[in-house]
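The structure is given below, and queries will be raised subsequently.
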């Protein structure tokens, strides 16, 4: 039977040939690894950019020879221009949020493990799944192209100049607008300054392509989870990772189309002369709207509309970034605590609540945007409510640890780190969610501290935990635990050192997206903190080299792993390591218990796998609150 | 290729802790979860997967048009004279409504095993779909003649953009109708019938949704002139 | 390992809390009427945040210390799937605390944003552009001269587009410094010529976006005389970091005398005042 005739549930032989097996593979496991590899590449680019940003902020005016060599226009004499800095800010944010946080947790680990954890042979539509990766990959290539296209060239000029010249003269490494690309700055084009040219077009196009890739992925997750669970795998027996991936897919499904729509409108404003986000009567760079071919007539648009569209997507997006990490943390905590997850049902409800409420709070990014102050009040109260399910999850994680027998593997350390960092980052949401306080805090470093701790750190810790945990199953070998633990300690202490001082900087009043703080006296006292943050950042970023080495070395030379080295309970550990092409060697499993039956009294081992027959354990169908 | 274990369910007395071994036969009934049994010698087909996926796709499409509608409603009506609805768009509405009806006929014919009627109604639907697209182009010409251009006030741009986006999605729908027409040309055997019915069902969902989106846009443009 | 993790978590917690309470870095001294209420709400919030943060981290550390696997094989973890009662209890408590905080946090917002500026406010039109601030004063007649984008010409210093044919424009003054009276409500009418900017003076505890295509009215009352830095707080282009100006809070008599001055005199006097007043001292 040919590979093409997948019909929802499929039987097809394992592919042969390098291209079919590793490049254009329809096997969800290969696709999952491809997403993870993409994220690893993207995060390296993103981290390098943040390193350069920190160098500029802490030691301004320093001549960095490497900058001078690579970017003679953007950093003449080795000193960054402001537009170069801002392009780093923009690309760092865009690449990290989209190509790291929205790929690896869902498309990477979700793709690999959702089908196995529910007992399916593959996703419902493997070809669409493959497409979702390659479309995302194309999006990544397009955003990388934006690095090479000088910020305010037209695409025609760029081609005429024959190709990228890293050393020849990039004035920026991409567009300037922040990852949020507020209009009209992002909509006006070259007339609004450097970094508003072709690079911005590529930025929008890349994001639009990413939206499509993400949507293709989401539909597979939803269909597979709803329709392809194996016998006995009821919804309430699914691991929490599956609940998280499912909810994330629904969030993606409903939020990415809005970004896609908004992005197309922005592109039309830029290249087709429309005015969706550009009002009339503008005077930009000495030109009145409509008075000059460089600045055509615009009328009737509303800049705030872009913000509404962007943040209607943008807020669910941050939950897309964190939910899989929460699922993995629950899963890994239970496994190495040797205890069931505390409050499984509450955890499921919390995931739903976070997902649902996530759609109603986007206005908290826009309190002082000029939107109605009454809606600001509504958004503010709703925002504080969304802290409740997050807090509930934290309590349940602590409850999972209570009375446990904790095994401190590297995966467990990162999962514990997730809990610590999620609390640290999430709790400042209580400050930023209040509209009154936002009057002082908007666009300061306290915002930067908040979202980096939750997205840029907690979420990443979730991914680290997932990789250390599932690596043996995926590659048949362990990652090195010693190197892993060093990686953990350096990173854990490092990220706290980087981001806690940023709260203080925000309180004093350090604004976001400033390429230099030298202009303002009220910021002078912060310089020691700025340097501390940068030193910690340099150390933490370089510590990740250990991680990269560990990953790639262990794939080939790591200690061999058995089928269930962690003595875990869920379906992925019942099958071979690594799993065969159809996951279960032709015999789909039957599930008898819930996913976290550890420490069952009377059982021979301290874990009962979901497929184990005859154990005297609760059936796990949503039974909670046992008196034990 | 999957091998199905056909022995009856056997509880091994290896007890728990024997990871990696699962007793008993297993498999899935199409469309359900966790149901054993049935003939496993043929490959399985799950109509439910197709239906769920189509609903999911439509949810995404509807969300995008919803967002664009929001843009339209909340963009200011100032600085712009009201735009008359092009007459041809009324024709468009008629065309697409009828095409939904003809599609339903096509589906019902297939359900009643009347293959020739099925193909004929599909062809009519196709033609109506193409006529719809043509009517859109003519409608745009009317707008341009009335001095309403794409690069202008956002509400004018929206007229073109939303209908163009809808038209693009409709072209996708036309492609799908063509696909099931081609499927119906192949020789028929039992599983094929089930697949064809499923495909016809989900393409119908898509088509009727496109119809609905058009009615929504038409109403929006009419009311918020 | 568990003990080491617990200790490190506790040390991090301690250092973080110390950083906040050290007093070495904090908000600059406030100069507006609504600031005490805002600062109080911030303090209450940060205390709740601090308690929650500390409790969670201490709890986490305690868990990993106490419940680390000490290796006795017969010893199993506690088999518990949770407790419904506990879920209800902590959900309700958290919800009450969070929602209360949320509702408390609306009062300052409501007082500033839900009401128009009181009558008798001192009004200034603010027009932001890449990369400078333009403050437009009504002059002796108290009426703002008509402005229109088509009159704007940066080259001839008509930054806000004053219509020279309009009678009330002749006594208007436009400078890049904001000069407002102390202890009197001030209304700002915020506009932008090109992209989104944001008006921000940290001591005022107030910021607001300036959006092209909109005129946004805000009001506040400053209650301490002095010179304060004004910054742009919404990315507006490559010189966003340099869009700096000053806000002068002046005694009422000074404002009255300024109001009577035409453009050149106004500007000269403002320059004198900028030299006269000093920025607050920061640590």
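Observations on the model:
Order of writing sets the chain letters: A, B and C. Residues in each chain are counted from 1.
Definition applied: a contact is a pair of C-beta atoms (placed from the backbone, for glycine too) under 8 Å apart; a residue touches a chain by one contact, two chains touch by 3 or more.
Because the structure is a prediction, the values reported are computed rather than measured.
Seen from the Cα centre of subunit C, the chain whose own Cα centre is farthest off is B.
Central chain assignment: A. Criterion: smallest distance from chain C-alpha mean to the mean of all protein C-alpha atoms.
Chain centres here are Cα averages; for subunit A and subunit C they lie 30 Å apart. Taking each chain's centre as the average of its CA atoms, subunit A and subunit B sit 31 Å apart.
If you average the CA atoms of subunit B and of subunit C, the two centres end up 49 Å from each other.
In subunit A, the residues that touch at least two other chains are 280, 301-302.
The part of subunit C that touches subunit A in the complex is made up of residues 1-2, 5, 8-9, 12, 15-16, 19-20, 24-28, 37-38, 41-42, 45-46, 48-49, 52-53, 56-57, 59-60, 63-64, 67-69, 75-87, 90-91, 94-95, 98-99, 101-103, 105-110, 112-114, 129-130, 148-150, 152, 154-155, 161, 193-196, 198, 200, 202, 205-209, 211-214, 216, 229, 231-242, 244, 279-280, 282-283. Residues 1-5, 11-12, 15-20, 22-24, 26-28, 30-31, 33-36, 43-50, 52-53, 56-57, 59-61, 63-68, 70-71, 74-76, 78-80, 150-155, 157-158, 161, 165, 195 of subunit B touch subunit A in their complex. Touching subunit B in their complex are the following residues of subunit A: 1, 5, 7-11, 13, 121, 124-125, 215, 218-220, 222-224, 226-234, 253-258, 260-262, 264-265, 268, 272-276, 280, 296, 299-302, 305, 308-309, 312, 563-564, 573-576, 582, 586-591, 603-605, 608-609, 611-615.
Within the complex formed with subunit C, the residues of subunit A that make contact are 81-83, 86, 176-178, 182, 184-185, 188, 192-195, 278-286, 288-289, 301-304, 337-346, 368-370, 373-374, 376-377, 380-381, 383-385, 387-388, 391-392, 394-396, 398-399, 401-408, 413, 416, 419-420, 423-424, 427-428, 430-431, 433-437, 439-440, 442-444, 485, 489, 492-493, 496, 500-501, 503-505, 507-509, 511-517, 519-522, 524-526, 529, 598-601, 606, 618, 623-626, 628.
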